[in-house]
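Dropping a structure here in structure tokens format, bear with me for questions.
Every chain is named by a letter (A, B, C, D, E, F, G and H) in the order it is written, and numbering of its residues begins at 1.
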Amino acid sequence: MTEQVGDGVKDLGYARLDTDRAARTGDPEVVYGAGKTPAQIVEILRTLHETHPERAVLATRVTEEAADLVVEQLPGAVLDPVAHAVTLGPLPTARGRVLVVAAGTSDAPVAAEAALTARVYGAGVDVVTDVGVSGLHRILAVREELAGADCLIVVAGMEGALPSVVGGLVGVPLVAVPTSVGYGASFGGLAALLAMLNSCAPGVSVVNIDNGFGAGVFAARVARNAAPRDPA
Amino acid sequence: MTEQVGDGVKDLGYARLDTDRAARTGDPEVVYGAGKTPAQIVEILRTLHETHPERAVLATRVTEEAADLVVEQLPGAVLDPVAHAVTLGPLPTARGRVLVVAAGTSDAPVAAEAALTARVYGAGVDVVTDVGVSGLHRILAVREELAGADCLIVVAGMEGALPSVVGGLVGVPLVAVPTSVGYGASFGGLAALLAMLNSCAPGVSVVNIDNGFGAGVFAARVARNAAPRDPA
Amino acid sequence: MTEQVGDGVKDLGYARLDTDRAARTGDPEVVYGAGKTPAQIVEILRTLHETHPERAVLATRVTEEAADLVVEQLPGAVLDPVAHAVTLGPLPTARGRVLVVAAGTSDAPVAAEAALTARVYGAGVDVVTDVGVSGLHRILAVREELAGADCLIVVAGMEGALPSVVGGLVGVPLVAVPTSVGYGASFGGLAALLAMLNSCAPGVSVVNIDNGFGAGVFAARVARNAAPRDPA
Amino acid sequence: MTEQVGDGVKDLGYARLDTDRAARTGDPEVVYGAGKTPAQIVEILRTLHETHPERAVLATRVTEEAADLVVEQLPGAVLDPVAHAVTLGPLPTARGRVLVVAAGTSDAPVAAEAALTARVYGAGVDVVTDVGVSGLHRILAVREELAGADCLIVVAGMEGALPSVVGGLVGVPLVAVPTSVGYGASFGGLAALLAMLNSCAPGVSVVNIDNGFGAGVFAARVARNAAPRDPA
Amino acid sequence: MTEQVGDGVKDLGYARLDTDRAARTGDPEVVYGAGKTPAQIVEILRTLHETHPERAVLATRVTEEAADLVVEQLPGAVLDPVAHAVTLGPLPTARGRVLVVAAGTSDAPVAAEAALTARVYGAGVDVVTDVGVSGLHRILAVREELAGADCLIVVAGMEGALPSVVGGLVGVPLVAVPTSVGYGASFGGLAALLAMLNSCAPGVSVVNIDNGFGAGVFAARVARNAAPRDPA
Amino acid sequence: MTEQVGDGVKDLGYARLDTDRAARTGDPEVVYGAGKTPAQIVEILRTLHETHPERAVLATRVTEEAADLVVEQLPGAVLDPVAHAVTLGPLPTARGRVLVVAAGTSDAPVAAEAALTARVYGAGVDVVTDVGVSGLHRILAVREELAGADCLIVVAGMEGALPSVVGGLVGVPLVAVPTSVGYGASFGGLAALLAMLNSCAPGVSVVNIDNGFGAGVFAARVARNAAPRDPA
Amino acid sequence: MTEQVGDGVKDLGYARLDTDRAARTGDPEVVYGAGKTPAQIVEILRTLHETHPERAVLATRVTEEAADLVVEQLPGAVLDPVAHAVTLGPLPTARGRVLVVAAGTSDAPVAAEAALTARVYGAGVDVVTDVGVSGLHRILAVREELAGADCLIVVAGMEGALPSVVGGLVGVPLVAVPTSVGYGASFGGLAALLAMLNSCAPGVSVVNIDNGFGAGVFAARVARNAAPRDPA
Amino acid sequence: MTEQVGDGVKDLGYARLDTDRAARTGDPEVVYGAGKTPAQIVEILRTLHETHPERAVLATRVTEEAADLVVEQLPGAVLDPVAHAVTLGPLPTARGRVLVVAAGTSDAPVAAEAALTARVYGAGVDVVTDVGVSGLHRILAVREELAGADCLIVVAGMEGALPSVVGGLVGVPLVAVPTSVGYGASFGGLAALLAMLNSCAPGVSVVNIDNGFGAGVFAARVARNAAPRDPA
């Protein structure tokens, strides 16, 4: 059986860590916690942090049990309990501005994952929650904030209509995140996903169901490269 | 082979006409034109009309070729070219008020079928078109009309978000009609159908894709049974 | 991070309560219990009830554990164990009449949710259960009751045929509720949903799988606005 | 390239004819006309007929163009224009009784294919058409005929509810045939197919969408093996 | 709320028992155990048995826990542990012969449910298991038994190919039962279901995934009505 | 029937033109040509152009017949025959840089629509075609160009793998466009769509199948807001 | 817009020809004819042939119109009318042996494409057609040939059962090709595809629906690398 | 009930063991552990091993609990904890060379099952893991090893792009294994499965989701029949 490990790679047996990736791309290291034991998450976080203590490490999809162990064993770790995510190490300077908009309270975990990810990837982030399409006054009330962002992340489950409404109000790049919130003919988020892909508002792009992380990475890349604005 | 025909039924060979149904339910006779030849549609319309000249007959999904023949051979027939539908005989007195709201210009045929059907089934009908969710000012501008109807029919293709937005504004019974307008991941109207079934606005019910007829029947039954209002 | 709370809104952290919505729409407050802890449900119910003790509050999809806590801590709460729902505060005067028809005993929870919802939303409600299409005599026996309602809610799983049969008997507005009762090629209620959307009986509209709540809201809005009838 | 042809097999190049199959199984020869040219259908029919002129040959899914050529060139051929099928040679003695029930006039071609197939495979056949579930009186009127058959074939498109209603009336073996009649969320007959597979009436079995032929074969095998009845 | 109970119906609160159905159709009473508590199953079985002790009652989809309680509390109950089913009361005289053929050992529960059901519904039953299409010698070895049956039930999961192979060997009516045995692209039995619906062997009909009960009812109705054979 | 037209809106009967939208959002006017007659496209283009001759108008999904009429009747119109699109009026100054990458020659029309749209919406655009994942040297050869763009549009049909490969090379915001190129289990682009939504490369977002227009709008909004770069 | 062409690449505008690929991989050049005009196919074939006249070029999915033009303008071209394919230039020496087995006559075009492709890619090829699973004697009759091949290609539509039966007879590597032959619940070949993916015979792999070309490439690569056999 | 057991077959009640199969095909015996109790797995392994102690037996999909019991009770058993598989008895001599390539660490179990299976079926095996398409340098680094194999097994979840990239580098027969790694629109591995079936690299064949076993059998059959190579 063949397997070598070169420079900048550490092999923990259950995971190969490319400890030089951040140097190449400017992005932080990320640990996808799903399917990993609490002890593995702790060890990976510690290894990545010790290699580059000057940079942030992000762990997503961290169970409550794993979060407890991380906080207990890694003193500098910061838990975001809504996002089910942990960061370790100093966050980068915020450049540009991402605004995360979430339709319902059940969408909060995905929105929080998107927000934390965008922040760890180097963007400034604001969040507005509970802005459902059946309450237009809430949406209209934040119209200025929507227009002032460099990139929008719009999170919604069920019928996934919020991106179309927001996308009709402003011309800002908009990443839509369907969530699995719903039941029956929601089919685990499929209804929201299809709705967002068929948005009548031009300039809406979509990521996978519940993929707050992916939306956060995308939006941070847009925002941190944006031309500076006058203060709003 | 066994087949008898009783009272109030006429057998044209390719169709059995239950000429007493209207007497039983108070609804008009309807000819579903899809899959029938122009000559068959003309003959069915004529037979139904001659049996009960005092009532309206409705033919839906009438091709252009069939429409031409109907208009040529049945002098009293009235063609609705947008709805691809024909009526013959006097329309009933309008009771109550149905408002049909359509998202885009491509949804017009389905909206027109719904409107004409509701009218033939005995309701008063108004139509507002081109009210997409990416143009909220159009929706907000008709808020009074929405609230004043006895039943709403909301027609939309693509992401099918309009019923959620309208349903969040008013508490009027709302029947949503998904249309097959769209492409790619619209999957022939499936995206809009799923979105409407998952609407976060309570009190939204849904009919089959492109089924303006069914929505019209439903809404007319609600409206014509509604308590009279003060003039708005 | 941005979040403000205006007039008529209470923020419990895990939920924002729009305590003035009922005043705007005439509908009761509703707590969707799925995904909330028993303690959260109790707190939301108490808050809404204290704000408007003269109106009913409804909590749906309440687990047995949550129901126990609610009944223990909120003396006035009334549990409907079949509907998995709780009400608190006086029910509104009943206007009009909704009839809920359920196909099988397994459909009873959805039917009960629909019935309770319609009642809390202001309609009078009757229920007939165990009226499967493979026992036509049961259906024919209640034909008079079907015809006398202002709106019908027809609940069925498996092949979802009941709305077509009922819809062929009477001309009353009919909202069909597919349930997830079934197995194999029922695909979690998809078979019943598709059947109902394709009903050959005109004037049938459909809500999401297991969405007794949505059907109840819709039917109540139709019934409470219906013209008064002579006593049947 | 390897290909041999043994006894009882004729190779026409575009088709291999197993001219002894009927001798082995007692079933007639069948030509599936879809995808074959009119000339090919004529040649296959002639070859099969000349080999066993004492038995019937059946050709299904015959286009109008092919039917014209068959009738012109094969004098003994009998066309069933509704079934889009042709027979050549004497039909077998009828044993047992198959009853074909069809929901709507658009289902007639599939019902006719089922009826003709069952007859050619050796059963006696009756047909009752236009028996939709939204007109229960039509179904109840033929209850005696239903109960008197050895096997029922129930043909329906759209919501496919008829087999459940019929299956609840009688304990006769029932083969359901979903048809592609419908639009939108019928998805080419999928809705009817799923409904029939989930029938709440026990003892309902199902064949492919529009597969009148398969239902006819199955029902004939049941009926011609049934114990003789007293005349009804 | 409306609910009456007439003659021949007992209402246990959680179930309405139509205790005269067997008298009308000649079929036994059946309890579908899924979703019922052990105590409910015991009570329903006891009630049905006491009403008609001279007839068999069948309970299907009985959990191990429920089976234990039934056997403990109802002395005459007979458990079929493979079929997860229980019978109570004397089985009817066997008429005709059903042969159940199962592809793999994992299909045994569905095959056993089909076999027991057919027996309780009045047919004689044989079973042949472990006859996969990848072992043709096993199938060919039972060819005589296949040809001698009045109705075949063929049970298979995964690719569902067995009905096509068996249906090509004999002209006996064949009911195919897809099972949920498989993983990945089996999609819970969908692959087997679609394969069986598309069988190239004519005269194959299909029931729902894992529906051994439905196949047993159907096959018993065919077999018990079959003309008597000479002993094979 | 209700319909008014306010300021800045022209109603052509078959279309309502919001001639002031560009002023509000800075985006050009766009005519979606699918489903419109050649004469309608010409009239809409002319009307929009005459209202704001200083701005570009874009017509997409223009058939060959319509393109001929447009070029004949509108002298200033410029046809992009690969994109099936037409522009009229001066293009805006190009800000930032969008790079469109297409996998195969069959993807060229969608790539061209994306490129033209991005240009009309104000970005500079380059295109690299025929960069399939089965020819990695082609991708690696353009690595510098990929890294130098402000936003990437990656167009691919069949297995839709290209965005993952490109997204692994550079940290530039990447919009993936699945195309309907393929057959069989491509299911009209569904395979590519699902692949892109599940990309292992973070920061990939997706638009509807064949939606080059949407990708172009999105990318232009990102690019024209990007901070200026040093010349590469 | 960026596009360069390097050594060994010819750009015809509508296609880039990598004329050195065969030298790198040992495989022939292939033209995928779908979506290309007859004139384009002729020009591509001519260009590839003139560059390497000593090697074969293959064009697949060639329409009848294109085939006529190719044969007229390229004297050395050889048309396979069943496979809808053309070759130009000398075929390579045959190494190893591929056996193509097809279930029905309608599967012949896909089988012929697979056979021709395997031959052009360097393998010896035999074909056996009309070997349906409902005629086991045909399969058993060719058992020796099956066992003697280096790789099997098994082509089937409808229920796709043939690979399981063949795979149970011999231990030869087996590539299954589902075809779109069928109707209704075949869903364009999906039923056969799923059946083959779930084959109970180990060692069956699958290609896309109707993808005879892919199967031919795969099988040729296996066969031409196989250890030589003693003559059978 | 009919069931006999002939020569070379042992019946354990819950399983029939064909103990002579290996002699017929040269393949090892295999126990599919899913759905079997630990005790059953131990007994089957022991029985097969005692019958042919000179050959290897393989058990796949063995739970941790079953693995513990096997190791405890069968001293010679060797556990592969990553593959969740056990072997008992001497492995055969390795002929030819299979290379297993896995995209991510989560794909390791499926890759290990494929590798162990190929080895037990008689091929030499190497494994390269963590070769995602978003890290092309890892793929390019093993290009020589890829080209030197007799058959490749490429394992990937999520977007399933790796087979296309690998298949574009070398002309070796390639079996792709989609895994269920992913979430949301991965739909349990469907996204990867569809991507692999639509690979633009010719000569890619596919097995069921997570079916490492099937890929291993297939690849071993190819490799052990391959012509010997010069040492690389």
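Just so it is clear, a contact is a pair of C-beta atoms (placed from the backbone, for glycine too) under 8 Å apart; a residue touches a chain by one contact, two chains touch by 3 or more.
Owing to the predicted nature of the structure, the values given are computational and were not obtained by experimental measurement.
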*Which chains lie in contact with each of chain B and chain H?*
A, F
_Following contacts chain by chain, what is the lowest number of steps it takes to reach chain D starting at chain A?_
2
*asked:* Between chain B and chain C, how many degrees of rotation does a Cα superposition need? Round to steps of 5.
replied: 180
*Shared interface numbering between chain D and chain C [over half = same, under half = different]*: same
*Between chain pairs F-H and A-F, which one is joined by a greater number of C-beta pairs in contact?*
F-H
*asked:* Can you tell me which pair among A-F, F-H or C-D shares over half of its residue-numbered contact pairs with B-C?
replied: A-F
*Averaging only over C-alpha atoms, locate the centres of chain A and chain E and give their separation in whole Å.*
51
_Gap in Å, rounded to a whole number, between the CA centres of chain H and chain E_ = 36
*How many angstrom lie between the CA centroids of chain A and chain G, rounded to a whole number?*
46
*Indicate the residues of chain E shared as contacts by at least two other chains.*
135, 184-186, 190, 193, 197-198, 208
*asked:* Let me make sure I understand the interfaces: which chain pairs count as touching?
replied: A-B, A-C, A-F, A-H, B-C, B-D, B-F, C-D, C-E, D-E, D-G, E-G, E-H, F-G, F-H, G-H
*Residues of chain D touching chain C in the complex*: 103-104, 132-136, 139-140, 158-161, 164-165, 167-169, 182, 184-187, 190-192, 194-201
*Would you tell me which residues of chain D are touching chain B in their complex?*
105-106, 115, 125-130, 135, 142, 145, 183-186
_chain F residues within the chain B interface of the complex_ = 1-3, 14-16, 18, 34-35, 178, 180, 188-190, 193, 208-211
*asked:* Going by the contact rule set out above, which residues of chain F touch chain A in the complex?
replied: 25-27, 30, 150-151, 170-175, 193, 197-198, 202-208, 213-215, 217-218, 221-222, 225-228
